[in-house]
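As written, the chains take the letters A, B, C and D, and residue 1 is the first residue of each chain.
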């Protein structure tokens, strides 16, 4: 089974998710600067989610460059990942329109947590059909970043009810950690 | 005629259909947990339809891997399939926003029934231009799953007016049947 | 310059146009059959436009299979075609929500007329960079269908103000004429 | 690292951006010509932005034809470009619905300015990993058009508060300058 269509379908879904989020930036009624003011938290949450989905696309891209074969389980693990990412526009808007209040910030974290878990499952599903000395297995390595991200999300979700602002900063921290694409894979493939 | 663009166009349409459904998860006004409560049936119907469209994409993918040639009839049979699938976001929302009442549940079944029929026609159109001993013909075989699905939909549609809840469970049953991608094709190709 | 990305971009735009039209099928408030009644003309116009955009995709597909090279003018002629097709969702909804009244039916015809003209320009732009004995030139031939369509649209637009119903039937007639994909090209390439 | 998926993802995002703008052409309530009148500025801004995004797609296409390799920085420079272009539908609607008033026209210019800057950064990121005598480097050359565009945007943004109409004409001027795709690259590659 070729990975071409899986990549194309994922590209399509991620491209749509990243773009429909902008529809939540509702055009304001007024034509001056004050009309834009209520949009600032919506814009902030849009930017954060744009970076997160950009990170997922980048990592997905790097991951599948090292993939040599796929099977039916991989198709479903990938679909599962896309499902949780597809909820990010919803949690993004809820958080943005409520100016980063506790519950919306917690749910935003849950949607990131589930996406992170789904990505983890996808990686394991791929490793299960690749030999231990494959470029994929070597490139994934110990997956420190993945574990750190899940730990930070796990901290941020309950923290939302203490300080939603600080919980949001933890999400930004995860984004910064992943901002640099998965150079592990890039380096291994370059060898 | 190459199948590449048919696959690409279908991937695009299915990617959009699966993603725009999330737009029906309208961002609630409140910022606490009770504000999310009315969204539970909408979310349930979204999840069910995400799985169904995921199944269609998976089966479409498996099907076209075994396809060796296409013609103008195949293009239209495929377009016909996409037409009925494109109505699923509408029936999904109608069902979700009316908390799985009789008529919406019946119409949801009709949109699945027509999609199932259109898939059946697509398969027949493809078989008509492949020899009887082609990988495609062998892989399709007796198509038991297809017949069982149509039988379950045919039961569920009138059943909606007796027990919409039970009819909905039949849809879930079909989803479970198809959840495992068409291993018939996968196995035949692997030989 | 390769035609691959032009095809991919056109597939993307056409896939989105054909799919976002379904968003105009607004989920009704009621949960019984009478709630769906006002949607009948919207559904009729959706179906008609789905077929038209399906026809454009099919013909575009057939056309570019015979294309051997493209240039900057072709990119813009193609973008021009996509521009007019992108207005079809708007004219479709206006026509459907006003139950096929005069002005909306006329504007629907104008959007089809302009799309038809843009397709004609695209074909000429392609012929200008292909030799007269190329598969493309032979396949296009006299382009009777194209002229007949433009003639029927030209009739239908003023006719909308006399009988919008009859004008709409002329659009259906054009759809039927084109329903069968451009077998001229298919046959020529098969030789 | 192959450029195929970067092109596919960019095509997807640009196809969606160019198409969702048409959703702002809200279907009017009336069915006669006067009902369309308020849509004229919205349509004008839609057309202008369609051309701008068409230009970005064309230039992106030309640019990546000359590209021989990419890396992680290029992925992010490209994502950064898509971010700013994704804001164009918002600024387009704000400008169109406020009939080209001062602040909306200025913000439209800012979204173009940032997109132009992001494109400039993408080009520099690509040049950094290509040798000085590569087809890309030769094709880019002195990039006069890029500098002229940024200069015109820089003029138009403050000018919006003096004459929004004249500032809008400067945007049209930039569109005309770029309308002809980047023949520099086309010519160099043809050698």
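The rule is simple: a residue touches a chain if its C-beta (ideal position, glycine included) is under 8 Å from a C-beta of that chain, and two chains touch if they have at least 3 such contacts.
Computed from a prediction, not measured in an experiment: that's the story for all the values here.
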item	value
Size of the rotation, in steps of 5 degrees, that lays the CA trace of subunit A over subunit D	90
Chain separated most widely from subunit A, comparing mean CA positions	C
Same vs different contact residues, subunit B with subunit C, by half of numbers used	different
CA centroid of subunit B to CA centroid of subunit C, Å	26
Separation of subunit B from subunit D, taking each centre as the mean of its C-alpha atoms, in whole Å	37
Multi-partner residues of subunit D (at least 2 other chains)	8, 12, 15-16, 20, 23
Subunit D-touching residues of subunit C, taken from the complex the two chains share	1-2, 5-6, 8-9, 12-13, 15-17, 20, 23-24, 71-72, 75-76, 79, 82-83, 86-87, 89-90, 93-94, 97-98, 101-104, 107
Touching residues on subunit C, where the partner in the complex is subunit B	7-8, 11-12, 14-16, 18-20, 22-23, 25, 27-28, 31-33, 36, 47, 50, 54, 57-58, 61, 65, 179-181, 183, 186, 189
